[in-house]
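Look at the two complexes coming up: chain A is in both, with chain B in one and chain C in the other.
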Partner chain A sequence: MATPVLERTAARPAVRVEGIGPFEAARRRMIGPFLLPALLVYALVMIVPSVFTVWISFNDWAGAGPMEWAGLGNYTEMIADPVFGQSFVNTMKILFGVGGAVFLISFVLTMLLQDMVGRKFVRAVVFFPSLVPGLVIAILWGFMLDPDGLANSVLEALGVAEPPLWLAPENMFTTVMAGMTWLAAGTYTVIFMAAADRIPRAFYEAAELDGASAVRRFWHITMPLMWDVIGVCAVLWAIGALKTFEFVLVFAGATGSLPPTGLWTFSVYAYAGAFPSDGVPRYGIASAAAVLTMVLTVVLTLLVRRVMGRRERTDY
Partner chain B sequence: MMISRGGTAIIAAVCLLAACGGQPGGTGKEITIWSMWSEGEPNQKVLAEAAKDFEKETGVRVRTQWKGRAAVKTLLPSLNTDNVPADLVEGNNRELTRQFAATKAALDLSDVYGAKVHGEQATVADTVGEAYGRMATSADGVVTQLPYQVSTYGWFFNGRTFPELVTAPPKTWEDFTAVLRGQQAKGRSPLGQDGSIPNYNVRYLEHFARALMGDEGWHALAPDRTGRGWLSPEVLKAATMVESLAKGGYFPAGFNATKFPAMQQKWAGGESDFLYQGTYLPKEVAPYADPGFEFRAFRFPSVEGRTPTMNVTTTGFGIPEKARNAADAKRFLTFFLQKKYQEKVSSVALEMSVRKDVPAAAQVADLKRALDSGEINKADVVDVGDFNAKVLLPLSDELLFGKITAAGFTRKMAENAAAYWKSKG
Partner chain C sequence: MTTRTVRRSRGPLFLLAMPLAWSLAVFDLFVVGWMALSSLKTTREVVHDPWGLPSELQWGNYGEAWTSAAFGDGVLNSLLLVTGSGLGTILLAAPAAYVLSRFRWRLSGPVTVFFAMGLGIPGPAIMIPIYLGLDRMGLIDSLAGLLIVYIATNLPFSVFFLTAFFASLPRELEEAAALDGSSPYHTYWRVMLPLTRSGLIALFILQAIGDWGETFFALSFLREQKTISLTLLNFIQTMQYTGARWSVLFAGICIVVIPLLLLYLWMSSRLIEGIAAGYGK
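Showing the complex of A and B:
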């Protein structure tokens, strides 16, 4: 069997400029009325609140009652606030550190599982953590990782004299990152495996005949042919990572108490502004943090799309 | 004005569906309470009973929604509208004098304080007392809360294990540390502490400092924009005491590597001897306590001859300005403050009433006596929530965990406080 040749996508056919028929014209006229309800709902639940959030960010507001114009005050305060700097660093650690680990693990698992017997079962097992809500994991891990908890009992039984204090302040953020990696890796593995399944077996057979190792097959066949999927996943991850919130809050907070500032992310920072454990709510600074997250998300999404889009698209 | 027959019918129908409904034979009036208790809690039972009696006596229907602890938080957004769903909202003094008052939509309750308690001679103001009334007042001078219940902190222990401390609790910090060292000698880690909660970790420092520099001195530190107040010898002394507490090995190993409420449950299970916690502690840990555990508590001992005053949180009600039936909501407040319901706060909910003539349950009797004598922290009215979360708590954690020295703590506090205030412009 001949090896199929990877070709570039043919250029799109030029748009027809000549006049359109009456049927087509009628169809085009109907687009507006059909889109309108969806647009209205979208504007009401998405665009209006977003614009309102931007407006609040220029004011001091307790969540109800009178607003006081603050100009850029909330933004300048936030940028000068060392705790915001800490939240920024933490969010970036999650975005790049956890993101890197998640994608690496998912690639390795995709590579290993591609030809494995019983991979459907393994796929289900790998995917399982994604089915359990992060909140449940965060609560359960609190008990499991207690100094007298299950994890350390197992380690002690295995002969580890001084098992780590997982939830100690100096280890807490690493534990949070490990938890997030574990939760996300399964999801992305399953998506990558689905993408890899579309790739015709013939490529692999040919590569194997040529003596390519599993790593080379993954690098030269699997990766390029699922590049568009990787791109979408990178965008999804970036959006999710910038919004990291409930896992940290439940893992490290308690009723009416915020997590220690060493664990804060952008979203926890915004939440702490709007819902302080003790004091007047500051929706202005919370909204400023939210707006900044929104801007970062857009910039990052565009950036990822651009970087990922550079690879030539291949069809087969 | 003429109203057509159809119009009358419509108005009648609307009345029937809306507020004009009411119970047959009643006054047709009703009030809605958003309570901070959940169904089944002892406090819920006390409030529900009072609401039922109020209905019977006044004919005003009481609808109570058991919202749980977030009642105030949940109500706030509705204050932006003309349709505020509660006539009474229940919360602690900080929520009601800060979060609720900051919306400028809270009704001033001064006239309730001036009224008489239902069926009694004393006014509400006299019954509540000046100190709690002050705590119920916002920074702008609006009285936004009517408190009925008080919580404070105490050193909790098992009266069975330490019968001698029930009758003669340690008076000075030295007496107390002698008890702790005695326990250490028996191989115990005497102090329980949920190190994962920064607000709990700062209590030692705060009490030492308030004893040494007075309540006003301590509460003037956070608003000091230069941050230099943190370099005062009293703060250093207080921090040194925390440092020796951290290095003395009194806390169980890994006390800061557990998730709340693991340590207080372990304390109740007998793994440590003393725990400085709120008066709500016995209710929280009762299911984990050893059989026969006798909850007893004493107040914070004196430091260099001065006993720190007691920190207080009060629980009570506020009324939104836009409440549909503020008049009856106010009546309910004077009704609930009656002795017979306040006795149930003590006997059923095992909490402390604001009323001095209602004795507290045995486990917190010592603390109630101290409160009634008026030795409470009256300076705790400045809102420093943001400062605490961002500046004080992270460093106080490091101090209690033995990561920094007392001198390092005061130096960093001064630096970080100055940076914090600079960021505020």
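Showing the complex of A and C:
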């Protein structure tokens, strides 16, 4: 076993010289029993089915009866479909638009809550929307933004003559995006704060003695030391955004039918192929849309990892 | 014991952004309060006087939601699923994440990526084959079948999440334990795992949140059995025929949301405690 021998330098504290002594040998024997159970369950329930789905995407299949080989037919049909184009635009809006807003809000909140009086309280409260199932958020959001609902009654009291029609078709998707931002900002704030709390106070105390402002402390201490966590969150967001499903579906179609096509995302498009409100299910098209989502996810993940860089971990 | 120093250097940007944190918190609190209040009104009051206080507290809404709207069954089923999948996921994911993040061996990188790939697999991409598989095993409309799906779909995130936690622990701890004669298993159980307790708690909470309101797989794989999200969905659909019963709906929503709020409020202090205990000076 050739372990690359690397110098123990100050610049790369995470990498150490390691001989294969009895200690390391015992550690290596742990790998099997520790790793295999998780690997097995994961492979059987997630990997095998997705490979099967890839295969279905090259066939025409209605669930019952034989499959018929279709080659790339499902893919070309899907790309030519204007509804799919709309789904693509919507998914990208969520990915970048909502994502940008969520990360900005989370950073600001993390910075503020590090120093604020009542931080524990505010932290506990901003996480509330993340606790609530999307289904419930959808019901509350819809009820509040109803033309005669809470939001507009406030605006009218403030003298707004014509409050916006939040749930009108042309505004609907923006309303959905606002709801998603509200939902996600708390989650990332709590994750960032957990990371920021692990940073030794001494750094901040030293920076404060040097007269660094809160923004500078955040920029020069908090951000670099939780870079790992930010990278993880960026990947998680990209992935979550691409499979946005429940929120949009539930939001517009609380009665069980599909939302108007103006709200569709990749996943809704795939779902609609498998469970059309009328007609025969088209598992081939549904699978093709799901496969495309997976491919985009892989591409984005690699991209994020490249952009964030593989910084050395900092031990402190 | 950590003593927090009071900070004084606050720039103009800081003061400008401060109201943002508070207004968001106030808004969230308002929504929770409004939701709870609406659950104690009559339907007429909910619709026509959304800002008003209930003239009389309608505790009966909860009884109606629990029994006639069947939220009771949904809560019990979801409770079973959340507990089972939370514990099952951690039992499988923690050892795997430990091995992947702390051991340097040829395949640790590829296997980590292999797990991370699962994050990008959306529900619809595995739904059809899993349905066929569960059907063959007679596990359609069974909580056990859904539990397996939940545990498996939780694994990628859990491994990813715990890998970051394990990786952030100082390596000196393992070396010190080894020098003290601790076996690798012992080091894992007695040194490394306790230090990630805050991570495990955070993970359990995040899993509970996700699985508690999970709709897509529950809708696909259950028929007669109901989780809370299915109960809620079912109730909204029947409102089309029975007329709007907003008060009962809000009581149902509170039954769904309040356990999570309590779990979170209880656990969040333990989460901070865990970090303080692990890293206190």
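In this section, the second predicted complex is superposed on the first by the 269 of 316 C-alpha atoms of A that agree within 3 Å, B and C clash if a C-alpha of one lies under 4 Å from a C-alpha of the other, contacts with A are read in each partner's own complex, and residues count from 1 in each chain.
Definition applied: contacts are C-beta pairs under 8 Å (C-beta built on N, C-alpha and C of every residue); 3 or more make two chains touch, one makes a residue touch a chain.
On a predicted model such as this, the values are computed, not experimentally measured, just so you know.
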| item | value |
| --- | --- |
| Touching partner for A:I239 - first (chain B), second (chain C), both, neither | second |
| Chain A: partner with more touched residues, chain B or chain C | C |
| Contacts of A:A212 with chain B and chain C, given as first, second, both or neither | second |
| Contact residues common to both interfaces of chain A (with chain B and with chain C) | 63, 254-256 |
| Interfacial residue positions of chain C with respect to chain A in the complex | 2, 4-5, 7, 9-11, 13-14, 17-18, 20-22, 24-25, 28-29, 31-32, 34-35, 50-51, 92-93, 95-96, 98-100, 103-105, 111, 115-130, 133, 148-149, 151-153, 155-157, 159-161, 164, 167-168, 170-171, 178, 183-185, 188, 198, 202, 209, 212-216, 228-229, 232-233, 236-237, 240, 249, 253, 256-257, 260-261, 264-265, 268-269, 271-272, 275, 279, 281 |
| Of chain A, residues touching chain C in the complex | 3, 14, 16, 18, 23, 26-28, 30-31, 33-35, 37-39, 41-42, 44-50, 52-53, 56, 63, 105, 108-109, 111-113, 115-116, 120-136, 139-140, 144, 149-150, 153, 185-186, 191, 194, 197-198, 200-201, 205, 208, 211-215, 228-229, 232, 235-236, 239, 242-243, 245-246, 250, 254-256, 266-267, 270-271, 274, 283, 286-287, 289-291, 293-294, 297-298, 301, 313, 315-316 |
| Contact footprint of chain A on chain B as seen in their complex | 69, 73, 76-80, 94, 98-99, 102-105, 196-199, 253-254, 256-262, 383-386, 388-390, 393-394, 397, 401, 416, 419-420, 422-425 |
| In the complex, chain A residues that touch chain B | 62-66, 73, 76-77, 80-83, 142-143, 146-147, 165-169, 171, 252, 254-258, 260-262, 272, 275-282 |
